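A short write-up of the structure that comes next.
In this document, chain identifiers A, B, C, D and E correspond to the written order of the chains, with residue numbering beginning at 1 in each.
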Amino acid sequence: MSKKIGDVILDINNISLSFGGVKALSDISFNVREHEIRAIIGPNGAGKSSMLNCINGVYSPQQGSITFRGQTFKHMNSHQVAVMGVARTFQNLALFKGMSVLDNIMSGRNLKIKSNLLLQALRIGPAEKEEIKHREAVEKIIDFLEIQAYRKTPVGQLPYGLQKRVDLGRALAMEPQVLLLDEPMAGMNVEEKQDMCRFVLDVNDEFGTTVVLIEHDMGVVMDISDRVVVLDYGKKIGDGTPDEVRNNEDVIKAYLGTSH
Amino acid sequence: QAKEQFFPLLSYRTGPYAPNGVPWANGKQDYLKMVNARDGGINGVKLTYEECETGYATDRGVECYERLKSRPGVAIFDPQATGITFALTEKVAADKVPLITLGYGLSVAQDGQAFKWNFPLMGSYWTAADILIQHIGKKEGGLDKLKGKKIALVYHDSPFGKEPIPLLQERAKMQGFDLQLIPVTAPGVEQKSAWLQVRQSRPDYVLLWGWGVMNSTALKEAQATGYPRDKMYGVWWAGAEPDVKDVGEGAKGYNALTLNTSGQQPKVIQDILKYVHAKGQGTGPKDEVGSVLYTRGVIIQMLSNEAVRRAQERFGKGKVMTGEQVRWGMENLALDQKRLDALGFSGVMQPLSTSCADHMGSTSARVQTWDGSKWNFSSDFIQADEQILKPMIKAGADKYLADKKMTRRTAADCQS
Amino acid sequence: MDTQKIVLSVNGIEVIYNHVILVLKGVSLQVPQGKIVAILGGNGAGKTTTLRAISNLLQGERGAVTKGSIELRGERIENLSPADLVQRGVVQVMEGRHCFAHLTIEENLLTGAYTRKSKAEVAANLEKVYAYFPRLKTRRTSQAAYTSGGEQQMCAIGRALMASPSMVLLDEPSMGLAPQIVEEVFNIVQDLNQKEKVTFLLAEQNTNMALKYSDYGYIMESGRVVMDGAAADLASNEDVKEFYLGVGGGERKSFKDVKSYKRRKRWLA
Amino acid sequence: MAFFLETLLGGLMAGMLYSLVALGFVLIFKASGVFNFAQGAMVLFAALAMARFSEWIPQWTGISSLLLANVAAFVIAGAIMFVVAWLIEFLVLRHLVNQEGATLLMATLGIAYFLEGLGQTLFGSSIYKIDIGMPKEPIFVLESAFQGGVLINKEDLYAALIAAVLVAALSVFFQKTATGRALRAVADDHQAAQSIGIPLNRIWVIVWCVAGVVALVAGMIWGSKLGVQFSLATVALRALPVVILGGLTSVPGAIIGGLIIGVGEKLSEVYLGPFVGGGIEIWFAYVLALGFLLFRPQGLFGEKIIDRV
Amino acid sequence: MLYRENGQFKTTYRADQQIFPILQDRIVVGLFLVFAFAAVPLLASDYLFRAILIPFLIISLAALGVNILVGYCGQISLGSGAFMAVGAYGAYNFFVRVPNMPLIPALILGGLCATFFGILFGLPSLRVKGLYLAVATLAAQFFSDWMFLRIKWFTNDSPSGSVSVADLQVFGLPIDSAQSKYWLCLSILVVIALLAKNLVRGAIGREWMAIRDMDVAAAVIGIRPMYAKLSAFAVSSFIIGVAGALWGFVHLGSWEPAAFSVEFSFRLLFMVIIGGLGSILGGFLGAAFITILPIVLSQALPALTRLFGYEMGTAGVSHAELMIFGGLIVWFLIVEPHGLAKLWAVAKQKLRLWPFPH
């Protein structure tokens, strides 16, 4: 499998973020290239999720800037980020609990819906067609994630692992250029992790989606990522290919421990 | 088929206004029981009734009305609440049942040529306000002495409380006193700012337009802010026992209008005690019989009965009257002192006679004063000033007719 | 296994959610005194439901045990309240953390000691938890909601330990924890098990770790126990190896080269 | 100036009285995450019990001392509130563990209806009197500084004192004791609280009991001011902006919120009201609360609303 | 096995996206509509129409509006009474001030006034959430109570502040008989319910629910909270406003601000919760429960006690009614915390499996 890794698509420059006394991120810089799978690893509380939150505009970093496709932002706005084609999954499931699996994933396509309120209310012509068009796209994702049987189930009732899949499905429905995944494989067994890896790799392969991945399972990270950033209590302590990182002294000390 | 005239009784025995609603409802019901027991009904027509709880809420009132309006032999409705009155005004015209609103409801409805089905008997808020101003003027030594005085109206912030304002403004213009309007949000449990305002402007008199819990609260706040109670005058809905009893001494000197006497001496009350309570069929407790609102209930029911009786005189004695016929009876009441005596109402109320043009029948009321344990009269019956009222009523009724695209009733219609 | 003293035995329970969704279809398992027992299985197999049934937390999910019985040291416990169970030394660490969001980490831990009346014991337990999870100590004054996912997981585990339990039901303790910490958590489990004779029943996805540390394992699939056995036996079973350990055919496969077709599990045939 | 002071003081006192009702809301919200719609009904119910028993006890036993009758009535009413709390837990809350706020809110509404019906059935629906010997006549202070002095209502003053004591005691209880901590834990997550052995049933009985006693005190004071009657339940609506402004979870917030709302609404009614026809105080109170919320969406002292992903 | 969807395969997404994808549902709903439009007018008495059916239809409409805001978008509103009042007074002013204003446009304009008012008081929702938001909506409630009492212009200078309308017509047909009023309300309800259903199952509905369930995540997938919340306020207050106008025009005929009091707002909220948040059907069930049950109780109770030879006074009846009503609310919640609609869904699911228990 050969894939072409392109130019830098997302560039994080000297981001610092703190909450009261806690420095969640201090002066972090790294970049993400088009089509690559970029992993972020680090011990608990290192600031990995916070980093994604900054990219997403959920948090506003106190310092630094983020460059996306050549445009530089001091702070991102969630809506704008989504429009620019960045999708995201969450560490502590942030699904829409009261909605069915189908609706959850459909909501990922809302940005693409053009018909206005009145048309939607009447549900005639273009509105209906549009709805069906998106439904088709969503059904593909549902097939892809193998959750056909749960289509109409409220997500709150699904077991944890499937909820994670739905979360991924919702992100995929946005047809993003950059996909941010926050521990997508937590709470899964090996078989399920393999499935998940397959999904991620397929997305990356077929659509050329750039993936930023946070994961604690080193097996997964080392196997599928192209480059890895290592954070430790807000600081960057390593950045490079899996092999480089694996052999980095600091990283071993701070995170990997001896068993890996 | 038994001959029965049916009286729907809309009442409220729960909710914020229950303390006042209960004696009122009991009076009506006891009078019906008494007439059945004593006279066997009206010329042999038995009187039946059914109570329906409205809780003072308009929508439930409408439901009660709809439920009871098509009962056979339905005579008349007394909704016991201003809000329900508004909602029913249109409906009774369509359903052809008269609506009696004794001492409340729309003031302009006195004009029977415009309001065919409404009967604000014995007084409206305009007459009440006018009588109070006259009384205060008399106390000051003449209406002209009111010039430069300050009178505050502390009122229930609803159409009920706002109704007297146009008349008071008219009077203020005429007599040259200062009218201060102080609304109290319903149901009136928090009145501190109202009384702070009273304390600030120190009006010479305070008129109290309250109902239910608002009245006793007002008296307590007056006491707490040191406003003299003997400068306070309530409408006849703010002058019953529940309003002052629990304030006790604190309400001493407080004055209120009344349409009727209270107490257990009148013959009709004695009859009720004898024919109803003595047999253990009383609706409420015995000691409530003859209280202000109870007696008012009795009067309302008596007037309704008299309307039926009057209608029977024209349309056939001993027959069950339709709503339309009762309306005619209501419009042609003629209760002189003799008739009142015969009915056992001597001294209880003023004589009254209605006509097609005048649906009120009498516009007088008197002032009573609370002495710490009971009500005593402190004035004679005072009549509202026709000169002032007439044009206002005419104008209001004309506007109503214009809005509704209706015309005044013709003389022929008055005969129907 | 019957030679050992059984603390907890679950006998053929059925669990229904919302009056209609049948989730557990006759699950039986035994937990011997002083051992570590693991429940393994894929997503939705019913592991969490089993633990909830034991600790009586089903009611809040509108679920109910409709058949079978659960016994703790010979006593039927289906009708006890969760608090009664904690009094009897059984504490559950819930899946998905469930820290008290508005309480600080330290307050969270102290609430965990609600059933402990001795001040000294509480203080000692607190020290012990901080010793196990030094990260918690540095974040002790933060509100739990504002700590990272892993910190919350540590908090949840620590909170359960504060009750000085004799038996702990752990639901996916390793989820979201960094590998080092995972190792640590299992070491703690082992530690408590050996030193303080605490019995563990754990539901885990990290089969590798679970089988390494536990004595006995049950494998669940769609509401049934499909296989059970000593941990070592399970670890050497071909199917388990392939599906749960990712080392089917002897070699660990790279996640990059996973096949996109799947072999059917033998027990589903 | 004197009048301004009077208005200010009046507002402060009215605010304290609101706080007393607000406190009940806060207690239950804090301890179980439930917005207790039945608080107004509880105030009414407790006050009715107190009023009727203080009337009945002298009749039944011939005790003529007002103080004795009142104390006995208070104790009996308190006991009744305890039974109510226990029944609420046993019949309602226990079956609704871990349900959403809206569901629990509805349940408290059901309780409110029930208590209103039961209260009036048992105790009647007239106006009743609670006479705890509060002085009714006003006093005047600072007569040397202002002509006519500044009027102070002694009754309000006592009521405010009682409210302050109650609030102080409850604040300490919540902040300093293990039970207080457990209550807060329950509010955050019923299930997790259960899982670590907090006996929800007992906690809820305790809290509803305390809230019942607070309702009784509120009912007693309001009742002694207004007379006990159905409308007493509606003071809850006046207390609502207080709770929200102070923060649903903060006991001291109930006090501060009460003072702000009390002063704000009285000043607005007295000084702004006349220009727009009056009657503005109730919506002004809400708008005032809203104004504060725009700056602090969780109320002045409320716990921060957490939404993290 | 009566209620089986087996064998009903959907071959197109259009078919699968119908409002009622299951054949039995479609038949039942169709029959029900025929019944409501054709059979009920033949069977029902005047009382049933005027006191129960018409108010029920109007309140259902209002509950539908409230459900969009509270149930679908998760914004707790206690100001529904205000939106109704604005709708009613707005429509009234258009109706009496504009010469020859037809009824339907007046209702719609009333709804639009409510929309405007709703958006205005919805603005705080951008910052204030949950129960705290209830304060904003209560502010709307008390402000509107005050406004319609105090500002004479709104009541066309009526001295008492109560207003009334007469001469209602739709396309030249007079709306005065009970049947005609019923048809009018039913038609409006059906049309609006259909439109609302389309909205909530479409993109905008998903936006509302997303905001309700997890607003941060919603923002991250590109939903603008401002647009979603304000559009929910707008749509919901439009529907509530139309309901308010109908309540004034068709049901009461003549009204004062107290007809739209805060109790009304509370009741609407309760209907939605007891019926089922986020369910159109739930709104109807809740409205039926909260409006019809007390009426039924008030009539059934005396009859029942009479059976046992005990005459119950109206006071006793209404107190007992309160207690039973409260008890029933609690009981239903214990059986199914997510409301009557959920109860119905569970029942259907059981039917689907019947005669097997699981």
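Here, contacts are C-beta pairs under 8 Å (C-beta built on N, C-alpha and C of every residue); 3 or more make two chains touch, one makes a residue touch a chain.
In UniProt terms, the chains line up like this: A, C = ABC transporter ATP-binding protein; D, E = Branched-chain amino acid ABC transporter permease.
Keep in mind it's a predicted model, so treat the numbers as computed, not measured.
Path length between chain D and chain E in the chain contact graph, taken as the least number of steps between touching chains: 1.
At the far end from chain D, in terms of centres built from Cα atoms, lies A. In this view the innermost chain, defined by its CA centroid being closest to the centroid of all protein CA atoms, is E.
Looking at which of C-E and C-D shares more C-beta pairs in contact, the answer is the pair C-D.
Per-chain CA centroids place chain A at a distance of 28 Å from chain C.
Mean C-alpha positions place chain B and chain D at a centre distance of 37 Å. Chain centres here are Cα means. That of chain A falls 73 Å from that of chain B. Among the residues of chain E, those in touch with two or more other chains are 149, 214, 216-217, 220, 315, 318-319, 322, 337. Multi-chain contact residues, meaning those touching two or more other chains, occur in chain B at positions 13-14, 18, 22, 157. Within chain D, the positions touching two or more other chains are listed as 99, 120, 125, 277-279, 282, 308-309.
Within the complex formed with chain E, the chain C residues making contact are 16, 18-20, 22, 62. Interface residues of chain E, counted against chain A in their complex, comprise 12-14, 16-17, 195-196, 198-199, 202-204, 206-207, 209-210, 212-214, 216-224, 231, 235, 278. Against chain D, the residues of chain C that register as touching in their complex are 55, 57, 59-61, 81-83, 85-87, 91-94, 98-103, 107-108, 110-112, 114-115, 143, 145-146, 159-160, 162-163. By the touch criterion stated above, chain B contacts chain E in their complex at residues 11, 13-14, 18, 22, 25, 51-53, 55, 57-59, 62-63, 65-67, 69-70, 82-83, 86-87, 89-91, 94, 106-108, 157-159, 162-163, 165-166, 186, 283, 396, 403-405. Residue ranges on chain A touching chain E, taken from their complex, read 56-58, 78-79, 81-83, 87-88, 90, 94-99, 103, 106-108, 110-111, 113, 115, 117, 120-123, 127-128, 131-132, 135-136, 139, 170-171, 174.
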